[in-house]
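The following blocks contain the structures, represented as structure tokens.
Heads up, the next two complexes both have chain A, just with different partners, chain B and then chain C.
Up next, the complex of A and B:
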């Protein structure tokens, strides 16, 4: 296993920079999720690390080896593609064993393949033809094939996107098992934040070919560097409210907040941290329920309006809400994030901030 | 007004009849130009019928066939034809696959598209025209090839087509010139059928080139490639115009392919009965060739199905 370091990595397609001067290090034996909306350049970045795409500029290091000029074969990476790749006509076992044939003694090979097949729970179908299996199992085969080789770096390119929704769960569970039981340098591309949150040791959020934020999932989630990351992470994303001069509308909602604002400012807060009360409390304000659908998790996803400010709140499943109902809302001061409204970036912590 | 939007003539006809009406023109065409002449030919092959004699056809049973089977010359010509097919298709496939791989690997080569377009040019020429040009190229007096052989090797300009030992190879080489591009294109098409992700996966998996050929490229490319070989085989088996224009079967019988024998029998001797029998015989050989290829092609599929 090896750490991956990217120095000024750039890929241009004509005038468009798919990946724009990227500098980052994905640590050894850690799972890094590249997260971003479609077309943000994350797959292009992964393909450059794999050696399937030629960078327009910059360097790629695996530990101390500069691999930018190396062919995909020489780099010794393992890759799982968006659509499952299995070698046709071969059994599951032979699919996993094929790249190892000739590099390992037969006994060791058998043991290695057996271990990996067990890890992804494919022992039962080891002697079946790989191309006769369903999509999810084929994807497991390609994961097993990549892992069995013990490559320096493992690269997963949206491995569950082309899998039927019902089968995704088993695949994700296999990935989770894989990442907890084997320490791998894994770079995992996804646009699904739930996947990223559950698998990653580190998250790298990308937008328009640039790295926006990099860090452990929890800290990226709690302290998004800019408005985009706040909106993109979380379901639904962060609420943002622009506040005019002190005393103007909207300000009252956050009057309980600590910092003395130099208005104007922008405040961000997550829907799940909004406390919705049926009776007024100190520092709570009145709001009206505009919409109250139920989320996948059984929670209520409220659209609330306080004065002219509309925002979302996620609440307990036990309460019931009716459209038009009046509720009282409180937001803990330590869950507020202050943004510079002009650049939409997180303001540096000011004295007195709860952070 | 009924909700149906079908035109009146569709509503009046029962659906099966309408379907039949759509197929009938094709079937009629096929019947008139293919089935009837074939049946006619099969019928004629049991008769002695020589156009120039002015005598009505005489039923002779299997006599035409027994004559063919006993005729040493016919067997020699069939043998020569099989040799021609194996030689031409073999060399064309080999060269075509090698050059096809070269083309396939060079996607950024400048002028690639133009070169691919030029590759088509020999194929669109009439075989008679190609034969005529190559007869001039091979001509011992004016031909450019004997001239350069003379210049480089210091030997007198050879009469390539007039010599029994070189005529066959010269004709074969012309066929290779004409049809190798076809196999190049078939190879490029076959390689295009290999999924890109699979090629990338095999590169990332560090599979050796022979393994990539065997486990990744061959399973996806074989259908189109074998189809190309099949088409070439059938086509080479009935090569006529090229040889007719170059040597007309000579010198002696050195380039006497079965198609030329057939032509002579039918249009020199006007012996329609025996020519029909010979044509039928050639048809069976072509069908046999085709069946063998299809058998090989489907072999693995049947294996999987039997599993």
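Up next, the complex of A and C:
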């Protein structure tokens, strides 16, 4: 296994920069999820690391080896694609064993393949033809083939996107097991944040070819560096309220909570941290329920309006809400994030600025 | 009841047409089992006692064995060579998608759009200059060239149907480009290989003009033998012609019968998929 370091990595297609001057290090033996909306360049980045795409500029290091000029076969990476790739006509066992043939003695090969098949729970179908399996199991075969070689870096490109929803769970469980039981340098591309949150040691959020934020899932989630990350992570994303000046607009909602506002500010807060009360409490404000559909997990996703400010809140399933109902909301001050409204970036808390 | 009768009449008619088309073939096949006298009998003798006289007579000619061997050796080696070259070419066309790929594919096929009669004289002059007239490598290379365009077209269609992800996965798994081509992609386009093989074997097996002009005694194939060298002092040797035609046509018919489905996918350049 090896860490992956990217230095000024760039890929242009014509005038468009799919990946734009990326500098980042994906640590050894950790799972890094590349997260971002479709077309943000994450797949292109992965393909460059794999050696399937030539960078327009910049360098790629595996530990201390600069691999930019190396062919895909020399880089010793394991790649899993969106659509499962199995070699037709071969059994599951042979599919996994094929790249190892000639590199290992037979006994060792047998053991290695057996271990990996066990890890992804495919022992039962080891002697079946790989192309006779369903999509999820085929994908497991391609994962097993990539892992069995013990590559320096494993690269997964949205491996569950083309799998039927019902089968995804088994596949994700297999990935989780894989990442907890084997120490892997895994770069995992996804646009599904739940996947990223459950698998990743580190998350790299990309947008328009640029790396927006990089860090452990929890800290990225709690302190999004800009409005985009806040909106993109979370379901639904962060609420943002622009405050013209103290006391104006929804200002009352956050009065006294933030730094002393000298200029217009933007505050962000996650819907799940909004406390919705049926009776007024100190520091709560009145809001009206605009819509109250039920979400996955049975929670209510309320759209609330306080003054001119509309925002979302996630609440307990036990309460019921009617449209038009009046409720009282409170947002814990430590859950508010302050953004610079012009650049839409997180304002670092300045000591002494907060009261 | 009525519609059933109608269907039967239609089917009967179609059978009649089919038989009418097959009649000349049947006639020459039957002639292969007749005596020389029976072949030219007027009125034609439909009922006769089959004899192997014609076939044994043909087999006693040394020339027959030469021609038959030439046909087999030249067709097979030319087509096999062509398919190897075409597979590599089709793979490159399919995967590397250089600018102008479509145009190059068109140019390739245009070789086969030119009527043979238009190029046979220049070919003859070239072959004379190269000293390739009446040589095996010369005629085999010609037929290889002759077989490449269709093979590339057929195979490219099939290779396009194999996702490039296979190549990429195999490359990440450490495979070389050649390994990818022959161990990963080739097994998946076998129907295309069979189709290309049959197609071109039919073409080359039946080709007459070029073997006649740029070939010669040494490399004469059966079609050339049929058209020339059968004039005996008593006129045309119909018994020999009938036997030779029978022996020459039969293997091809058998092969085509058993590989019909591949022929279909070949004609559609691999775009009708899943049936094979």
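Assume the second predicted complex is superposed on the first by the 349 of 355 C-alpha atoms of A that agree within 3 Å, B and C clash if a C-alpha of one lies under 4 Å from a C-alpha of the other, contacts with A are read in each partner's own complex, and residues count from 1 in each chain.
The rule we apply is simple: contacts are C-beta pairs under 8 Å (C-beta built on N, C-alpha and C of every residue); 3 or more make two chains touch, one makes a residue touch a chain.
This one's a predicted model, so the numbers in the text were calculated from it and none came from an experiment.
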Clash or fit, chain B versus chain C on superposed chain A: clash
Which superposed partner A:8 touches (first chain B, second chain C, both, neither): neither
First, second, both or neither for A:293, with chain B first and chain C second: neither
First, second, both or neither for A:129, with chain B first and chain C second: first
Which superposed partner A:78 touches (first chain B, second chain C, both, neither): both
Which of chain B and chain C A:37 touches, first, second, both or neither: neither
Touching both chain B and chain C, residues of chain A: 50-52, 71-73, 76-79, 81, 83, 85, 87-89, 98-99, 142, 145-146, 149
Parts of chain A lying in touch with chain B, wherever the complex brings them together: 50-52, 71-73, 76-79, 81-83, 85, 87-90, 98-99, 129, 142, 145-146, 149
Complex interface listing, chain B residues touching chain A: 195, 197-198, 200-207, 211, 215-216, 219-220, 300, 304, 307
Chain A residues touching chain C - in the complex, by the definition given at the top: 50-52, 71-73, 75-79, 81, 83, 85, 87-89, 98-99, 142, 145-146, 149, 151, 155
Touch list for chain C against partner chain A, complex: 163, 165-166, 168-176, 184, 187-188
